[in-house]
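What follows is a pair of complexes built around chain A, which joins chain B in one and chain C in the other.
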Partner chain A sequence: MLLLDYILGRLAQMVPVIIGVSLIAFLAIHLVPGDPIQIMMHGRATPETLAAAHAKLGLDRPLLIQYGRFIGNAALGDLGTSIIQNAPVSGIVGEKLGPTVFLLVFSSILAIVIALPLSLLAARRVDRAADHAIRLVGIVGFAMPPFWVGILLMLFFGIYLDWFPISGFGKDFIDRLWHAVLPSATIALFLAPILIQSLRASMLDVLTADYIEVARAKGLGEWRILVKHVLRNALIPVVTVLAVNIGWLLSGAVVVEYLFSYPGLGSLLVRAVGYRDYPVIQGLSLVFAVLVIVVNLLADLSYMLIDRRVLTS
Partner chain B sequence: MAPLLAIEDLVVEFRTRGGRIVALNHVFLTVQAGETLGIVGESGSGKSVLCRTILRLLPTPPAEIKGGRVMFDGEDLLDAPEARLRQLRGTALAMISQNPATALNPVWPIGDQITEGLRVHGRIGRREARKRAVELLRRVGIPSPELRVDEYPHQWSGGMVQRAVIAMALAGGPKLILADEPTTALDVTIQDQILALLLDLQAASGMALVLVSHDMAVVAETSDRVAVMYAGRIVELADTRTIFREPRHPYTVGLMQSIPRIEGGAGRLRPIPGQPPSLADLGPGCPFQPRCAVASPDCATTPVAPVEIAPGHWSACLHPERVGALL
Partner chain C sequence: MSVAAASPAGRAAAELARWPGALKIGAAMLALIVLAGLAAPWLTPYDPLTQDLVNALQPPSARHPFGTDNFGRDVLTRVLYGIRIDLPMGFFMTYVPLIYGIVLGALAGYFGGWFDAVLMRILDVTVAFPFLVLIIVIVAILGPGVHNIYIAVFLTAWTMYARLARAEMLVERGKDYVLAARTLGFGPWRIVFRHVLPNIANSSIVFSMTDFVLTILLVSGLSFLGLGIAPPEPEWGTMVAEGRDFIFDAWWICTLPGLAIVVTGSALSLVGDGLAQRLGERRHALL
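Then we have the complex of A and B:
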């Protein structure tokens, strides 16, 4: 089947990308000065214990061999053992993956809920007051760094109004949603302006198409035309923007998670870098790479749902 | 009997950076119920603007309707509120656009688009709509329509999509269809099929048809009467037989002589010299005067208006008696 071939082909493309990403991450982290054993021992390790620990962890071997070992084990599903926590990296990362995916999905939905009506309104009232206002607010929103927006949200909604918790993860689903509101809103406020901008532009583009005039000639109202005939055609560039931004979103999530003490991959990464916990950093870069690729693959597949022409070409 | 469509003294301007452009200059027309009126002219003569003005689909701004009346079935469309216009579009009034490749929305099934107008006007439900779509597709000659009604535009050829567009125009049972160059984007063999289909459907339903074309030959085959447009004006209007036998405007003659003929060979083809004028800076006189073989000095300075030189035959030429010499 054509579709299956396509998906398999795309998955095969992941292999070189993952090797490249892991190699760069591996080299970069080893270029950063600092030693995990010294950090763990607060700089009080003697040369003998240091050498013994290095030998035990394999850190005395040449980099190339260390990398080869890592990638070989990773291929078998073993991401190594955390130097600091002394537990399998796959377990540590797996435990934090859920909360981060939850956060990303929640903030994407939130961003879409914000962006969709606003961009419809902007396209409907193009070059009029509502349109200008939406664009202005969008630029301001985009210009505010997420860590700062996060702090403002914490202060206002978390402390002053006391509506939402400002840290932690929560126990059941509702409680988790509850805890994710402020960090998700922080990410969504950054993402929504990008979505509004691209949705507005692509809707205005679609509005010039002949079939829009044909739709008007059928006696359809402007809102129906926007929602039925424009929006769906305008979605493709937006899905692309979302998918391209997933890498951005992940790095944004790192900051936001840390800010809100949200127990996801981001917080884990910040701590792992601080401790020079090489295996965890490597494992995380691998997971991030896979996430980005999978999201982009899902975006490509969703084009087929939006526009049937993609399926046949 | 009062005509179905009567356009009187219609003036439409466009505001552009280069200044104001008069796209329609005191245009007048009538269309009787059941009649086919051909509108011919070069690109930019205002044919499409005229169609869009009748349907009130011109974006305003940049367009501005400066005056005149568009009486349709006893009602001035230029005064009608938007809600009333929406009601008329897709029911009594329909349009067929030029390029079938872009006339249908690529992301929705064809059948759905054909009956969307009916569903929006609240006349039928979803199940009934699908049945109607199949019927309409059968009427426009799509084979096994019940199998094809759920297909998407990209799965159909240009000629078939144009049939679907025609089916869409027919859906509301219109009294008047405005066909803006319905065959221009199609292969020659398909062009004839589509024209024949339009005329068949018209004969069967009794609707009136305004057929816009740049091609004198297409109009000759299909129309009861012909209006010739130049630089946003109607320069000649008469029944088809008269306009071909006794044209009384030099531009009409020019259009006729640019139809290639089998027996004539390339030498007989006489293109109209020069270019259509820029609508932004027209002089006070006849806009065709710089390209005209029978023009006199006063043509450049004397404003011309269409005059009824014989019953039902209008010409906007200062010297209609000279035109015979051109044939």
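Then we have the complex of A and C:
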């Protein structure tokens, strides 16, 4: 029953957050100084089209009723209508969700592949040349703007070597993977320094722990210790760091998707802001926040599976 | 203690001797960058905005070490003047929210109650949004421009410091010196501001260096997306965006301003790393 209590408690904690998030998304259109429809139409809307658009978006009703409708409809998957594209927002946003999730998963895997061996090396050679070199690479890597790294990767691997496509999405799975290599690598290079920093610390803890000494004393091979004890215990920090940084991962994805003309939520957001397409901006901010909340929930649930002790604390 | 160590200069030298290598190197790099920004008009004979179309798209040479852009403007000159835009923006957007973030978090941690509950809910909602998305949405509401980016960052960036300060306050609150101060009859405001705040500021100061780097990445990133500082201003992200159209024939226009961001960010990160060692704090990557 402990398990069920934990899950229910965790879900209950989410309620005020969801209300707050939906309130911000809802207010996005109402806080615009001036008339949002006039701004969308660049001041060229006649009084009739203005009134029609207001009626269509429900902007002519009392605020509380509008909010009630907004949150009720959103719960049912209806995020309103884009005036500029004349199409339902849920459809516009929904078709971009898949590519973004694909990009996030791919770049997280790449980041782990980069970070795991480097942090292990740093932890095993603490305060020696390799450790310092990796820390320096992390410091410089952390300061590299993703849009700039992306351009460098485009120039070298896309244009000079001509190995990977530099824009678009692709048709089948392999083609999509192919198109996602450079954008994912860009995000991974931005994420890896953060991962390395926390992984190094947690591996250090494990490597100096008593049970490793015991394992060594029992004559277990170094390789076996690494795989059975060290890597297994590194799993929790990997999950934590990825979940805590999902917001940064998504922030990076916005810039990288725009740079690589990748058809995801990020490039849609930049485009929607350019057109001042407020219903799309509202829907997107809601979807982005829900993504972060869901990933954090999944992370919490996965700790529970990895380490049952969280239930009792 | 020797006589020299008692004089101010001697104390400064003694403190400097205790600085870790990373802090020395980072501080020296940062000082050079600040000086280069201040001295920009004397370091280069060119103007960052004046166009010279005859000399457009020149590759790096002795006359133009970073080459020229599509309008014939000297790229090195623009990078130097860019220091005057990116560094102050990063500084104010980091340290103004730091001040009220720490104060709000410390008060919430000390007093608890409804104030703490409200603050925590605001924090939960803010971190539920990807940071860049929240900034972009606020900029979409208010419209692009430097002032609105300041407003967007001031509205959101304090939350990380409030979270840090609150967590530390919860620990400090039960310590003996706070109890002693309370027993002496000191008021809660005096205890929070005079006694506890100086003790919990270190972790925020160390984190602020990471935040400073991220803020410069944010400003240049927003400009790159066309939502920040508009051309022809020599902002680094704007320059990278402008140069992107010419990467096939003129790689230097967008790659070299980006390098300025990397060098500045690395300097700040080194200072953060060194400060963490000097102050004995664990360095938080992100919160």
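In this text, the second predicted complex is superposed on the first by the 246 of 313 C-alpha atoms of A that agree within 3 Å, B and C clash if a C-alpha of one lies under 4 Å from a C-alpha of the other, contacts with A are read in each partner's own complex, and residues count from 1 in each chain.
Quick note on the criterion: a residue touches a chain if its C-beta (ideal position, glycine included) is under 8 Å from a C-beta of that chain, and two chains touch if they have at least 3 such contacts.
Because the structure is a prediction, the values reported are computed rather than measured.
In the three-chain model built by superposing on chain A, chain B and chain C fit together without any clash. With both structures placed on the common chain, the touch criterion links A:Gly219 to chain B but leaves chain C unconnected. Superposing both complexes on chain A places the Cα centres of chain B and chain C at an angle of 80° as seen from the Cα centre of chain A, in steps of 10.
In the superposed pair of complexes, A:Ala209 makes contact with chain B only, with no contact to chain C. Of the two partner chains placed by the overlay, only chain B lies in contact with A:Arg232; chain C stays clear of it.
When the two complexes are superposed, the chain touching more residues of chain A, out of chain B and chain C, is C.
By the touch criterion stated above, A:Ile306 is placed in contact with chain B alone, chain C being left untouched. By the document's definition of touching, of the two partners only chain C reaches A:Val270; chain B does not. The least CA distance from chain B to chain C in the superposed model is 16 Å. On the chain C side of its complex with chain A, the touching residues are 121-122, 124-125, 127-134, 136-137, 139-143, 210, 213, 217, 220-221, 224-227, 237, 240-241, 244, 247-248, 251, 254-255, 258, 261-266, 268-270, 273, 283, 285-287.
Residues 209-211, 213-221, 224, 228-229, 232-233, 306-309, 312 of chain A are the ones that touch chain B when the two sit in their complex. Within the complex formed with chain A, the residues of chain B that make contact are 52, 55, 57, 85-91, 94-95, 97-99, 102-108, 116-117, 120-121, 152, 154-155, 165, 168, 172. Of all residues in chain A, those touching chain C in their complex are 16-17, 20-21, 24, 28, 31-33, 135, 139-140, 142-148, 151-152, 154-155, 159, 193-194, 197-198, 241, 244-252, 254-255, 258, 269-270, 272-274, 276, 278, 281, 284-285, 288-289, 292-293.
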